[in-house]
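There are two complexes below, and they share chain A, which is joined by chain B in the first and by chain C in the second.
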Partner chain A sequence: MFKPIASIAATTVGEAIRRKVLLIILLIGVLFLVVAPGLGMLSARSETTVLRGMMLGIIQLTSAVIAIVLTVYMIPNEIERRTIYTILSKPVQRWQFLVGKYFGAVSALLMMMTLMTSVLVFTFWLQQRDASAIPDLIKAPVMYFVQMSLLAAVAIFFSTFVSPLVNFFLSGGLYLLGSLFAPFFQTLQESQGTPQAAKIFAQLVNTILPNFANYNIQNPIINPGQQIQNESSYYLQVTVYGVLYIAGLLVAGTIVFDRREV
Partner chain B sequence: MAAAIETKQLTKTYKSRIHGKINVVDSLDLHVEEGEIFGFLGPNGAGKTTTIKMLLSIIYPDAGEGYVLGKEIGDMSVHRLISYVPERPYYYEHMTGLELLKFYASLFGINDQALFVRLLEKVNLHRDMSKTISQYSKGMQQRVGLAQALLNDPKLMFLDEPTGGLDPIAHREIRDLILSFREEGRTVFISSHELSEVELICDRVAIINKGVIARQGKLTDLLRGGRVEVTFEGVTEQWLKDKGMRDSHVRTIAGGVLLDTTEEEDINALIDAARSNSGRIVSIVPRRKRLEDLFIQTVTDAPAAAAKKTITVEESTSV
Partner chain C sequence: MSMTSGINRTPLLGAIVGCALGVFVLQNGIGTQPTGKQYESVTETLKNGNTRTVKKLKAGVATPAFQGISSSWQRDFNQGTVETQGLSPDQLLFALAGFREMIAGILWVRADSFFDSGNYDAILPIIRLVTVLDPKQIDVYATGMWHIGYNFTDEEQRSDRRYIPSALALGKEGARNNSLTYEMFFETGWMWYHKIDDDYSNAVKWFELAQERPDMIPARRNLITNAYERDGKVDKSLDTLFKLYETAGKKAKEDAAFGNKQNRDTLENKLDTTLVRMVQRGWFAGKDGRPLTGYDVNPPFDTGFSAKVTVTEARVLRFEGTWNVLPVGTRIRAVLRDADFPNAKPAGMEWDFSNDVNLDPPRDKTFMQEQLFVRNQRFNKKVDMSKDPTMYPFTSKDYVIEFYYNPRSAPPHIQDKFSWNGEGFTDKNFLNTQVREGQRVMYTSVKISKDQLLRRGDWREKVPVIKTANYLDKDGKAYNQADQVTIDLPSLRAN
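This part shows the complex of A and B:
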């Protein structure tokens, strides 16, 4: 049952790491990481704070673009090139194909994010010569990886029924909405003075909308004054949330894809 | 003989904004016997690929029934016994020929290096197994496609336009491979436009037009009733006309009189009569009916409405 998934995932990684557009995005991200210390020096704020914020921002933005570009074309490309027909004519169920493609995308993302994090660590160490700050710094890319895995699941879900262009804007829009407005809806839901109808609406949005903001943990890392209470428990909780949400999206994607005429 | 493929009233409908509902495949009754090479012919958009996709459970029929190797379509267990090479196939270009076989084999849970090499030898790609697919020519890609289609030792192979866009040498290589599949006892279902190719290798054919099977049967039966041209010397055009052979044309040509007829059985008596009348036979040229003629006649002469009634040569002698 898992062998076809692993094979499809491995093939997807092989294709992803050869896609020029992804490599260019990755290269731009890496270049920005390398020149970030130079840009940090131009800021009036504490150099370390700016450098950390900038580098983490570069990794997050680059990873998000890679995650979307990588996944929106994944299923449509297989259909357009007819590779899917040869695969589905073998004893491969559609859910296995979809899950294989997803794990392939996530594995490729992991490789690319690991590369960027390595550059981040190396550049930061060269600039600051302070190895003690590095473990804290790595926490953010780890959480970003969970965030990007969730984003990839959103994009692969949409790719089962919309075109790549529509998917790009849908997934990108949902990512921005889930990153910027999820905390707002959460506050609205929990606030005492919110009317009941608005509370129900906020709760509905909060339930449906993937909460990408959970993984934006850069503030405590950039500003040493801030910290997350029960840090380990928080990381575990948001990771479980992400995994469950991903599983839900893959199940929903399979239901749609199962009946789709390819 | 058992049926490798059997469909009963299989129908696929698509909705079009302009034309409303269109039956891309309309009440298809198909019968393919085990161990034969079956040609599935039709013009572009006739419903050939849609039919194959339904048989492979890639798309779903709207009505009717279909059975592949005795199992209802949609039964995944049959996918272990069949294989498919799509039209103008694309394979992952970053892989080598060997890696491609490994990948497809892994979908069956097969990991047999000796098998991969043997199959690449069979399709004459063993010397190029380390080249990436992007370095393969069209013909080589088609051959590696056939190799991947043999990984599970299939009983039934679906080949969609297997020689489309290939040069004559590649044509011949693919044709020889397909013939070898029949010798190995496999059933081969070919969808093709290459009528001369089909005529050479297929046992039975079906011609589909606008989603409807217009003709189906053994090639030998479908192409029966060719013409014979006999050139006489020493007899007159009128003498031959007076013999009153049905469906025949007589005309005087340089060096004799030419009789063009479908009545092969009466030819011997006519030749004897001509000889006893001091006539001489210059030549006898059988003009076999070609699949291309039958195809064009079926597709262009018969309007779709008339074509709805399937003509099966086993049932009817008038083709």
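This part shows the complex of A and C:
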């Protein structure tokens, strides 16, 4: 049952690392990471804060673009090039094809994010000469990886029924909304002037949307001082949340893809 | 070629429902979830002597059965609550977008060029945007607060005090978002202590909050003793001085750096001076219930305040008057404001009324505050409000002119006579013990109309003059001008 998934995943990784557009995005991300220390002067007293914020921001943004670009074309390209017929004519189930594609994308993403994180660690160490801050710094890319895996699941779900261009904006929009809504949600909930109906609606949206902000854990890393309570438990919870959401999306994607005529 | 595959959808739908349920519970938790504002930062001392700061639920807030990710994230990872009121949609979008620190840094560099060119108005939205983008930028909060509170002035360098509530609101927001460090607590206290220079209990409150933060530098810790004195808590000031001196002494012994020794010496000197002043001003005698005979504060000195305000031209006033204190250093507060100025109180306003950083103060309201400097027992100051119509719009019908003197704000050589709460201070006409609780201050006020201030209508040809009954001209003669219309200021005797 898992062999076809592994084979499809391995092929997908091979395709991904040969795609020039992804390599260019990765290269730009790495270049920004390398020059980031030079921009620490943007703040008179908070060079380290700006440096950390910027480097983590670069990894997050680059990874998000890679995750979307990587996944939006996966299913439509296979259909367009008719390679899907060759695969599905073999003893491969559609769900295995979808899951294999997803794991391939996530594996490629993992490789690229590992490379960027290595550059981040090296550049940070070179600039700050402070190895003690690095373990904390690495927590953010690890959580970003779960976030990007969720984003990839969103994109692959949409790719089963919409065109790549629409999917690009749909997934990107959902990612922005899911990232931005959490801080906005708190503001709404705590604001005295917000009508009760708006609060209920906000609660609903906050529940339904994939909450990408859960993985934005960079604030205490950028501005250290506050002790995080039950840190491991939080990371475990958000990972389980991500896995459940991904599983739900893949199952939903399977149902849609299964009904689709190719 | 057409290919479809038939699978049993029922278990798949069941799996989706199961995943959705799990996601829902994980995200929202079980039970009522606390919001960010229901937490407070608490500094704990660990067994090894180190300290750590954690966020704990405030007293009375129930712990949920299971805390959801959303609530935990708001507690530990959210950058800070954004006060949305007063923000434009683009500012809000920026606030929520990524690269906040970097954009904030770039904007702050841009603001610096506006400072250089004197374009102060352009800096305001940048300050707001930067603090929203990066609520951990203490420099921007502190600089912004100073800028809003101090730099908006009229042609004669009088501050636009309508901005002060906004400056305080910015300070409060900065303190909320940076509760681990003392800086914004200190800056907010300093605004009360130095700029508002009246309600010192608020300065004390903020300095005490700053004092609780371990990173506060020694020289700044010392300032709270002055705030205690000005708040009338002289005993507390003395106790604090002793404690600070003891700490400084230990520190100087451990590390004989120049700064440590200098701090210890400064505190020693301040301690000596305070003790001498407390004795000379009869503080200890008063506490023990002994008679104050022979002390500097006895008998209370009559300042003999008198004043005359002439509307020389439209929007131009001349304040003249007497104050019997010979040593230089007295500044009498004169206020001209709308009679219905929002949150007004005698000789000031409820400065702390707002939690919203509103960079657009009430532009249709007027609030002028001037310090009348006394020299040779008289003051004489022309206040020209005609050049700044945005700061002094004069849109209301009625206005109030107030005179106010608070011994707590007096320099030490004058306080040696008046003491901290005005024990050695009196004014036979204008002593007031009501407008500031527990203090003896000079206060009087009078109403004036818009027509009089703008010299229009019936007042086009006549010169409005407001004066106290005891006002004497420079040559010692009672004021008497046939072509001017005199409005008398009420006094205690008149009452």
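Throughout what follows, the second predicted complex is superposed on the first by the 238 of 262 C-alpha atoms of A that agree within 3 Å, B and C clash if a C-alpha of one lies under 4 Å from a C-alpha of the other, contacts with A are read in each partner's own complex, and residues count from 1 in each chain.
Definition applied: a contact is a pair of C-beta atoms (placed from the backbone, for glycine too) under 8 Å apart; a residue touches a chain by one contact, two chains touch by 3 or more.
Here the structure is a predicted model, which is why all the values come from computation and not from measurement.
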item	value
Contacts of A:G14 with chain B and chain C, given as first, second, both or neither	first
Which of chain B and chain C A:I87 touches, first, second, both or neither	first
Contacts of A:E261 with chain B and chain C, given as first, second, both or neither	both
Contacts of A:A252 with chain B and chain C, given as first, second, both or neither	second
Which of chain B and chain C A:M54 touches, first, second, both or neither	second
Residues of chain A touched, compared between chain B and chain C (which is higher)	C
Set intersection of chain A contacts, chain C complex versus chain B complex	85, 88, 93, 259, 261-262
Complex contacts: residues of chain A adjacent to chain B	3-4, 6-8, 11, 14-15, 18, 81-83, 85-93, 259, 261-262
Contact set on chain A toward chain C in their complex	39, 42-46, 49-50, 53-54, 57, 60-61, 85, 88, 93-95, 179-180, 182-187, 189-191, 193, 203, 206-207, 211, 213-214, 216-220, 222-223, 225-230, 234, 237-238, 240-241, 244-245, 247-248, 251-252, 254-255, 258-262
Residues of chain B that touch chain A when the two form their complex	53, 56-60, 76-77, 79-80, 82-92, 94-95, 103-104, 106-109, 145, 148, 152, 158
Sites on chain C touched by chain A in the complex	1-7, 9, 12-13, 15-16, 19-20, 22-24, 26-28, 35-37, 41, 52-55, 69-70, 72-79, 81-85, 92, 95-102, 104-106, 108-109, 134, 136-139, 180-181
